[in-house]
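Got some structures for you, see below.
Two complexes come next, and they have one chain in common, chain A, joined by chain B in the first and chain C in the second.
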Partner chain A sequence: MAKVVEKAQQEKEALISGSEAIAVACKLADVDVITAYPIRPYDTVMQYVAKLVANGELDCEYIVAESEHSQFEIVKHASAAGARVFCGSSGVGWMYAFEALTVTPALRIPMVAMVGNRALDDPGAFGVEHNDALAVRDLGWQLVWVDNAQEALDTALIAYRVAEDRRVFLPCAIACDGAFLTHSQALTKIPPQEWVDAFLPPYNRGDLLLHPDNPITVAPQVNEDWLMELRKHNDEAMKRSKNAVIPEAYRDFERIFNRSYGNPFFEEYQTEDADIVLVGMGTLSMPVKVAIRQMRKEGKKVGFVRVRWFRPFPAEDLAETLGRFGAVGVIDRDYSFGSPHFSGVLATEVRAALYPAAKRPPVVGFICGLGGREVTVPDVRRVSEMVFKAAGGETQPFITWMGIRE
Partner chain B sequence: MDAIETLPIQQLDAFKGVKKVPLEEYFTSGHRTCQGCESALVMKLMVKAAGPRTIVLGSTGCMYVANTTYYSTSWVVPWMHTQLGSSGSAGLGTAAALKALMRKGKMKEEPINVIAFCGDGGGADMGLSAISATLTHPQYNVLILLYDNESYANTDIQLSGMTPYGAHTTFSPPGKAKRLMHTRWKKNMAGMLAAGHPETKYVGTVCASYAVDMMNRVRKALMIGGPTFVHSLDPCPKGWDYDPMLSHELGELAVETGIWPLYEVENRVLKLYGRSKGIAEKRSKRKPVRDYLLRQGRFAHFTDDDIDYFQAKIDDMWEKWLIPGVIPFWKELEKDQPPA
Partner chain C sequence: MGRLFAVEIVYRGIFQKNLAKNISRGIALAAKHDGKVGISFGRYGDSPERNGIPAKNFAIVATDDETLQEGMAKYEPKEVDISISVDDTLCKGVESWAWYGLQPINRLLKPGGTLIVTTMHGADPIITMCHRKEFPYRLALLTSIPSFSGLWVYKDDHTDVRLLGAIAKVLPDLFSLTSVEKAIREEWHDELKVKSAQKAYERISTRVVSPAEGNPEKPYEFELPKWYELREGLAIPSIPAGKAMADPTTQQTGGFRPDRNPTFKKYATRTMRPVVDFDTCVKCTLCWLQCPDSCFDVTPDAYYDANMEACCGCGVCEAVCPVTNCITMVNETAFADNASQWEMWKKDKAGYQTWLQEKIQHKPERSHGFRIRGQYEQQIGTMVKDGIVDTGTSGAGG
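On to the complex of A and B.
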């Protein structure tokens, strides 16, 4: 599949933010059409893209749209005409584009977007919450959460590779926690162009290309005659993404870039001998990992599973992994009012994944850090205490809002 | 300033008479439009004028739903649906892709027309913002064509911002307490876009009752380069409630009464054409709006006062507007009151 590359090429290292890392990935992926519209915090990526374009480092049509809806519609159509595209948004901006987000996977548009996770105001709040990106979870978008600039850059390249694989042809959104990742700098390795070219083949829309040489009619009225079959196509594409294309992409990535992400779908941290495990997504991994190191010094064996790919969701793998522990604490940076047990979205998915499993440890849910509120090390310690109690047979509430003022 | 780079453009000279128009059709059988549908004719003439090296984007509306039933598309050229308010974005995105791919050597360079069409609801209501944005991008060659049948005709004839004053629609039925449910005046879409987008090289109004004129305006709009806009008034037998055989005649009457002025703004120069030119130059007399209104069931509830009010508004358009028929600034301020 991918070509053998010259390993003599060296990676460069730069101090960049998560947003800048994704802008660099756009350059490396030679993206053709990019649309921007301002909303914090994702829009920093477009500020970096604009600089790359202005300096002649990125050759693309860079369009500042007049709304998020247009932003996403423009790239949707550019992709249908054969262009590799990039777009993004945050919070209510992402929701303003919702109609476009809905039709993009249905049209098998393999676009890559960045979501700078942000609370859905009103009332005004621009800190991180995951509800914006999670809103598209049922529509055919692939959703992946990253927790540092390096992973953001690498995952953007992987996202193009997976989305544009003809077995998939579904869009992929890279979710980056607002401020904690979008605006936080870290030393990041920037791979040479040759490696990227070996990893990421050109976008080929094939017989779906909208061009006078291929005069197709796209998205006709199918109604009850065909819609169900077409939905099933998307379902199969999502399965192929999970079972074949994502694992293959990570294997090739490791071979070409000499950087391994282990299980592509979730990161395991100090789980080997852990008695209980915490589960979460995005940058809350930072306080969780610090707390785990502290607790381990005190002899409390806590592990952490950071879910990367929320769609496709690695149900079987995750259930098997979580079955190894005495109890599971799921930390949601989101809400789902009126959902089963009034839980968070991730906790509900984890419980659903565990239901058919042979080993089903108790699952304790927590809502933390909404609107960008910091999840602290003491928060994580309190969470862990409750999960230890659950592991010891003491029933815990299905869901606890951590640090909430009464 | 850096030069604005555009892709090459097709040579599409004006048809010199109906006999010079090619026979090839690029919008053909397979559609399910109503008998007497002028919008279907507009689609056919539009793409006939553009020719085979054309990509057409169609926003939601009758010209989507009636034309592209799965397995029986009427489009010979590549066609793609876009969302109701997305004609501007669809045209822009497609044109941007062609430009990027051809410039970067990822696609063979050749002139390809991009046309995005919308109805009056999708264009003048929901899609206005995106169309306006597209008309500010001089580097992309894209024509936005608005087919205006003066209602949301696909969804059961609901009023749009382009429905004429007083018209009966399913959202504005005449009733006992309110004889006129719809008392807003139709937007001046082409004038607004021409005045508001000085970099747009072509804005024109057309009516398919004058088919060759109409096709030649489409050709001009495509050949001039950059983003352009054409607004077509399309009589609709179902929405306007008249015998389908009268479609052409109603189009002509809309022009002859002065309700629908035919004009184009080409490289910033305004020209009225056809019967509208004669009206503006006072060489031909406008027919009374009564002749147009009372041929349509949607105005059947009009009283003489309503017709007089409508006539007075059209009189204003030609006698008081700063640029008659085009720009609705008055030469002097006067009272404007609907009848009680």
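On to the complex of A and C.
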């Protein structure tokens, strides 16, 4: 793995969107089979990939399917036959593929997909909510949220490295907030091909390869005597991903690309001396960071933890980190109707992660920015005020819908 | 704690589905009139059923509700007081996808339990078919042509109530004949069926089968692997493509025998098997082409040999064969092994012809369930003539 890398090679800078950054990663990863079916905001990726193919920059099978279900089934089979694949969707398109999404981790297919986060219908809406990607959270999909184009590009390369590791062989979805990331162009460093080649070995499906020279039958029918043992395989693969493969991939990435992401699983922002901390995923990091800087000028020490990897979930690390603060405010860009305390998904997971921890600060939940509504700096300040109150011993509601008209 | 009873009904999928359900429901209802509680259920793994594939229904009865709970929320009981085989060919062993290889018909029987078989045969040929058991058990025979119908039709030949009468005789602790009569009146409102149950109660007799009797073959066994011993990715080795066959007389090789799953055989589905007259075969290929299970091996001399490890007994080959009496479906009980007919023919053609004529002379003596129109009516006539069932038109009966 540890090839000597020619550091003299230079990265090139380009003004590209988060979607285009993922398309560039597909090119750098030399993806073999890509399937497409349009739905906003994912469709931006398929357009950029189509352009790369048309320009002769990427040599791959590019198949426009007749639905998302077929889109994901086609790459699933291609991956079983040894192809590096890319796929993606958004909102209800992702949900239409759901049956294919369930069988993909079960068959240990290292598919990499991009979910352009979009509200689920109805009503028809295309702003960001995280419920689409979160729907697969229990099925063996690895889920990672990114918040800028550079991270989208880098994480896509890391996703291939992690998913295709024989110890893992589980699919990985990169979640990108619709509009704020998928449709917004930013200066992004594009690494030279040699670095990517040193980082990302070829996909080797080994004894699971569907090929006439390796006659196997995949996905038999089983009864109660077998299924539990087979589920355990995926449980162990997810553990290996979390405990070994993801940390290894980020270490190698830093060594080869000279760019560090710190803790692979979550970003810590101004947490060193913080009294309270906010937690969230995706592009809401932007207004949160701005608000934190404002508040720090006023002497309010607020920090931020941006969760990248939701699956596998870094429960121990995160609990230890959050235990350092007086109170925790979790901002969910999702809903989970009827869930414990009627919270968001992330808040519930954070509470579960903290339960066995030695230090358990109060967790205040917020649902914010649904349907692509902007999360504003005043929103974040109001959130922080409530979390400060909680840290001061004043009981706060388990969940507050922030930014709703009332 | 009270006493728990378990009865299994082993039957042919679809063809005997309603029959099996009637029997297991009848047991639970008769038990109710005996002051007991019971449940009736089909084995989940058999659903949805396929034509002719061995399937199971169960009746669990207890002396009280709490004891009954021991028998609930289970796929099947670990042991049974009575196994009922409603088709004698099932005595060769049963296999469904939920099981692992061919399993003995008497596998679940407790020591001293009773196997009840509906058959036109006597005890000796039935015992020969059944696998040996390490302890003695009892065998009871109910004279009957296998009662086959379908998913949407029911041949009401009284096999259901006759078996209820038989149970009252062989296991009176479960329920009395009086309780059976009450259950029949309540469920079917039919005095003639009551009479059939009474007659079966009077006629049924049992004999003890010793551990030295029966088929000595050891059933397929293996240990379920631990999770880390299983291959990842839900992948299992494929069955290889197949290879040429060898002529037992000339050692010439040629033709093609597809490799088949060595563990999961399909012949437990078979109730009749094709017998091929190679002397009249015109090698038209139709049987080989049309067989839905690809069970025909192609021999080096270009004949088509129905491989009895793979044949499900559907009778399509007989139906499509253009030569009169070239392929004849014969009752599976007439055969003791799955040997190749073509090899037998190659080694001794005159001897084979004698063997073949002996086998096909009884045609048709039963149904394989798939297609023969009018056969049920013929069979009912035979059963009435032989006094097996009573239509109620001949006076007192009994």
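By definition in this document, the second predicted complex is superposed on the first by the 405 of 406 C-alpha atoms of A that agree within 3 Å, B and C clash if a C-alpha of one lies under 4 Å from a C-alpha of the other, contacts with A are read in each partner's own complex, and residues count from 1 in each chain.
Everything below uses one rule, namely that a residue touches a chain if its C-beta (ideal position, glycine included) is under 8 Å from a C-beta of that chain, and two chains touch if they have at least 3 such contacts.
These figures come from a predicted structure and were not determined experimentally.
**Student:** Specify the outcome, clash or fit, for chain B and chain C once both structures are aligned onto chain A.
**Tutor:** Clash - chain B and chain C, as placed by superposing on chain A, overlap.
**Student:** Name the contact category of A:278: first (chain B only), second (chain C only), both, or neither.
**Tutor:** It touches nothing on chain B or chain C.
**Student:** Which partner, once the models are overlaid, touches more of chain A's residues, chain C or chain B?
**Tutor:** B
**Student:** Output check: A:225 vs chain B and chain C. Expected answer is one of first, second, both, neither. What do you get?
**Tutor:** In the superposition, A:225 contacts both chain B and chain C.
**Student:** Of the two partner chains, chain B (first) and chain C (second), which one does A:215 touch, if any: first, second, both, or neither?
**Tutor:** both
**Student:** Does chain B (first) or chain C (second) touch A:79, or do both, or does neither?
**Tutor:** First partner only, chain B.
**Student:** Looking at the overlay, does A:345 come into contact with chain B only (first), chain C only (second), both, or neither?
**Tutor:** It touches nothing on chain B or chain C.
**Student:** Just checking: does A:61 make contact with chain B only, chain C only, both, or neither of them? Give me first, second, both or neither.
**Tutor:** Only chain B is touched by A:61; chain C is not.
**Student:** Of the two partner chains, chain B (first) and chain C (second), which one does A:108 touch, if any: first, second, both, or neither?
**Tutor:** In the superposition, A:108 touches chain C alone.
**Student:** What stretch of chain B clashes with chain C when the complexes are fitted on chain A: 116-124, 188-196 or 242-250?
**Tutor:** That would be 242-250, the only stretch with clashing C-alpha atoms.
**Student:** Indicate the residue numbers of chain A shared between its chain B interface and its chain C interface, in ascending order.
**Tutor:** 215-221, 223, 225-226
**Student:** Over in the complex, which chain A residues touch chain C? Could you list them?
**Tutor:** For this pair, the touching residues of chain A are 106-108, 169, 207-208, 215-221, 223-226, 228-230, 232-233, 237.
**Student:** So in the complex, the part of chain B that touches chain A is made up of which residues?
**Tutor:** 52-55, 57, 64-65, 68-71, 73, 75-83, 85-86, 88-94, 96-101, 103-104, 106-107, 112, 129-130, 132-133, 137
**Student:** Under the stated contact criterion, what part of chain C meets chain A in this complex?
**Tutor:** 45, 75, 97-98, 224-227, 230-238, 240
**Student:** Within the complex, which stretch of chain A touches chain B?
**Tutor:** Touching chain B from chain A are residues 30, 32-33, 35, 59-61, 63, 65-67, 69-70, 73-83, 99-100, 103, 202, 210-212, 214-223, 225-226.
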